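Listed after this line are the structures, all set down as structure tokens.
Each of the two complexes below includes chain A, the first together with chain B, the second together with chain C.
For the complex of A and B:
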């Protein structure tokens, strides 16, 4: 493995000159400079996987779009975070996420407190661009505190990462392929039977939608608990 | 243990003497295609028949790798040592065994099943990679050595420096045969330049395109060539460990490779201090679990590491961060099998074959509506017309040709107006398809192009790993849309959506699978738009 020295790099985002450390990603530097790039699978403190593709940006001279969350900054690069093409691609991707499973907000636990819902407002997605794919999954409500509803899942893998990287339990993973992919506990056991789950609830509080939620809890407590987990992730990231 | 070139030559000579004592050889093709027609039984029965006639001292029966003309299997060739004459028999079944044995006894050709080797299928080929296929016994390392095998490796280890090897490969202009066409010398150089205590050479044998079987045939017919190429790659990049990643659906290739590795270790050609040169290199075979996406570099690496075969975003590239985080070279089977010949004959020699930008030869698997289904190795720059009509013998039912699909699910189709196109990486790109790994599916008038596009999209849909949204949802959406066109229930809006979704999936997917999945759709729209329009219902 090669270790490179950290240097300061300056480059342009949307024609604004910015600076950052060479070990920083585009997304981090953009955030520091209050330049908005939409994200869904990204969560500060977890590893970046670039799977939701919402943070795609254009780098001048490169022939394909790159996700800002995994791209390291380079001297003199010119980044464009918004254009007609990028915006329409993002909208289409977001619409694809909505079409994949059942995201009926009115009957969802996360209604009003959902990152996916917020994203549709941010990106002004006011109608569906693609037909709905009618797939149904069984809900796992076996756990005494938590519920897993795969029909609300967007497969961002935040829960998988937080369980592995922060809790160290590795109780959650993804099974199946493609459109049939699903979050599972242990060897696809009911949640309550999971031997490795510590019932810490971290997965629940990093879930951007209503796919994982806690039973019988008030909205205020949800928000508090989420803030606690997010702050924990941030402080872990800073200490590294 | 062989410690020097001299000893290797001695072994080769010894084996050759042994060969000379045998006057004739019956070489039964035991490649996967002939095997499925019972080649193993034929080989066994032929052996018995020859022994029954007491001819075993004169004529030896041996199993060899693919001779190419799979359509007419089982193939048996009769080789006479004295005259170097080779008679090829086609369509041999168990019923022919006795007659064949009698013809050997009477020293007359078995005229009923003689295959004409003067037809363009044989004469227009240039065999470099497949030079030993159909000739040597893949289970016998000595046979490979007797045919000049490993001599190049010994020469490289004793006489050359890694930089020289890389230079020679750079001069040759060899480009990756897996599909991308990245210059191999440049790839090696980037790994050579990285300072690291551990580096890896990985051979990609996860051939998954529907209709492609070049790498399988190569691994089955001449596993030592791949191994020799890998050891040289290891020497050039200063790597000491290699992995061959083969899909588990290729059990014969796996068996042959494992056997070959064992034999090579025994002779000291793999292991510590190869040929007393101070260079260590060993190879392990890893099996894929049947996921197409594992042919994608980063997913393949994840799979070897024992993880779920998901790709990851590049950069970092494998040359910086590959297998277990170490610098890694990933080459296709055919690329590596080219290496021994390049270093034996020199880069300049290789450069003179093919076209200036795409040098050397390429193996193609001819399938679909074509007469001579099988495996051919031709110089780059050959025209499609020569490949389809001369070598391939034209369409199978004599129906007019419609198009040729190259590059499998990542490629596109070429309509007949481009029949005189010379085949190389760049010319194929210019008509909207790719070289890919070498699968060539011939399509006649009876096929519907929307159904073809649907077949490949459905394939990508079920092979998508599901990590990124555009590929996971996009391929599903596209499959559903294409179904509407096939049912003739699509609307004009569906057609617009089909085009837009294709461009989004292509432009935003994480790995090569998703980025190229819409290609068959885009290319059939480009050349056969009318067939899509036929799928739109009139309101």
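For the complex of A and C:
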């Protein structure tokens, strides 16, 4: 197998000249240069899928905005990370995420420690720009330790990725299409009946919202456990 | 024949209207309270997990969320078959009493005091707390301070003033810090002084309202309340007791889990508020009252010195029988504020309250659980049915105000008959029709667990039910 040669490339982000390796994504290079791009489905250590689209940026000459987390850098490209157009797209994307499911913070386990909630503060989205759909999904509380509430799921697929890429169990997948999609265990079995799930809890710790949560756990413990997975992902990445 | 419509009914929590029907000769034939809001908590809670229920049902109300959190958590305790540790029970009791203090104060000072200070016939633009701030600033400040103290206790022990998060299935989530305990204990004497001044003011002015005392929902009815094992006043845990208007005990100790054997719920076609009744007597003969008046009628003692002393005076009003005049709800509420402050002090001083053992863990062990407690307005029931994973399959809520629905309707009719002169309908008379509702201190948003529609009025209708005049208060 011929290994592609990694080269150093120079380009501009917001008129600032930056350099990165040719195998890096726009998001990675921006982060290295302390240029902030909002993300939601992205988690360091996991593969990037560009599912949430919050990291959309503009590349001069391109017809459409592209997600920074999945776009590889190119020599001499000119990238804009913030503009009126980009901001309004991000707000609309966030509104659509909110409107798809029932994100009622006041009665949610993740209230105060929710990445979706924080994102709305960050992007100054104080109300949804599109009407709520008020969909209803059945909660799966069959597992002895964990609960899956699809009503709070944003389909970021972090759980799917961590289960596959870090734990190696492949117990979780996404079924259905469009707004009816939801994460499932094995062949859409109740969680407790999943033969593949190792009950490691990694999916719960990477969930950005209250869609996956641990039963009978205090908020302080949730934050501590999130650190565990963060450190684990970091050490795995370092060992590779 | 005419119909008078009072809409909105003012200075109450929630939205309602009153219709007064006049017969052919022009006298009052009937009067009814219509609760005009619908919300549907019992339905949308289905499919939720039981651990969400305290936070979810707390949203029924912004005045008495603590009651819902407590009854809900107690229902969940039953589902888990656990008994919360003593510290957790004490903290729950303190928070519950703090809410009774703040809610009773709200009714007395913020909502009802203008009637006492300026009289029921005062110009309507004067009958509000802002006028009270101008003419009686100390009294208004005292009311605000006392209510704030109740809210402060809730915040200190349960996290938030409104919709507190610290009470959870199995116990509570925060221990009582010794500094918090000391700080609250220091403030109790000041709050007690305000409460005693309130009592003094009320008793000194009571003679002015004899006609209202005689006609504000003053009739025979049953009374229901939770009592402690020894028959003493209780708000958190105990057995249900029914007494009749003569004071005879109909049921001494009903386990709240079996409430359905004794309480039926009738649905009226003109109100979103259901009408609970005492099943053995049927509907509508089984009308009963709940709330502060009922609690003091049913209980044999308060169990704290100052409240017990005043309870004697209260009981004397009934001359050996239960006090039937709903105007005395106001009196009963002030006694309960005093009781609440005394009891909170006792519970704070209890060494067990400082324990770090504050939650009992468990899994779903039974499929149905009833949580029952005394809310400021009366007995509150949360009844949940769950599957083996704790997903809610069925919810039944009987809200304190709902228990009083039949009595409130009877009261409106009684006041309308006593004060409404169809030839000359005065604002004072209409205010009295509203004020009888205020005696019961209803929380209509809670009682319908319903969607808010801002509208209430008094409708005047003729004998063909045709609306002749609407008295709107928008």
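Throughout what follows, the second predicted complex is superposed on the first by the 237 of 240 C-alpha atoms of A that agree within 3 Å, B and C clash if a C-alpha of one lies under 4 Å from a C-alpha of the other, contacts with A are read in each partner's own complex, and residues count from 1 in each chain.
Here is the rule we use: contacts are C-beta pairs under 8 Å (C-beta built on N, C-alpha and C of every residue); 3 or more make two chains touch, one makes a residue touch a chain.
In this text, all values refer to a predicted model and were calculated from it rather than measured experimentally.
Asks: For the combined arrangement obtained by superposing on chain A, do chain B and chain C clash, or do they fit?
Replies: By the criteria stated at the top, chain C and chain B fit after superposition, with no clash.
Asks: Could you say whether A:106 touches chain B, chain C, both of them, or neither, answering first, second, both or neither?
Replies: After superposition on chain A, A:106 lies in contact with chain C alone.
Asks: Can you report the vertex angle at chain A, computed from the C-alpha centres of the three chains with chain B and chain C as the arms, to the nearest 10 degrees?
Replies: That angle rounds to 120 degrees.
Asks: After lining up the shared chain so the two structures overlap, which partner does A:168 touch, if you call chain B first and chain C second: first, second, both or neither?
Replies: Once the two structures are laid over each other on A, A:168 reaches no partner at all.
Asks: Would you sort A:64 into first (chain B), second (chain C), both or neither based on which partner it touches?
Replies: first
Asks: Should A:147 be classified as contacting the first partner (chain B), the second (chain C), both, or neither?
Replies: Only chain C; A:147 stays clear of chain B.
Asks: On the A-aligned overlay, A:131 touches which partner chain: chain B = first, chain C = second, or both, or neither?
Replies: First partner only.
Asks: Name the contact category of A:177: first (chain B only), second (chain C only), both, or neither.
Replies: Touch status of A:177: first partner only.
Asks: Who touches more of chain A, chain B or chain C?
Replies: Comparing touch counts on chain A for chain B and chain C gives B.
Asks: Quick one: classify A:92 as touching chain B (first), chain C (second), both or neither.
Replies: Touch status of A:92: first partner only.
Asks: In whole Å, what is the nearest CA distance you get between chain B and chain C after the fit?
Replies: 21
Asks: Over in the complex, which chain A residues touch chain C? Could you list them?
Replies: For chain A paired with chain C, touching residues are 106-107, 109, 136, 138-142, 147, 149, 215-216, 218.
Asks: Applying the document's contact rule, which stretches of chain A touch chain B when the two form their complex?
Replies: 1-2, 49-53, 56, 64-67, 70, 72, 89, 92-93, 96-97, 99-100, 129-131, 133, 154-155, 157, 173-174, 176-181
Asks: Would you pull the chain B residues touching chain A in the complex into a rising list?
Replies: 194-196, 291, 308, 312-313, 315, 320-321, 325-326, 461-477, 480, 497, 500-501, 504, 507-510, 515
Asks: What residues of chain C sit close enough to touch chain A in their complex?
Replies: Contacts found on chain C: 47-49, 51-52, 55-56, 59, 163, 173, 361, 389-391.
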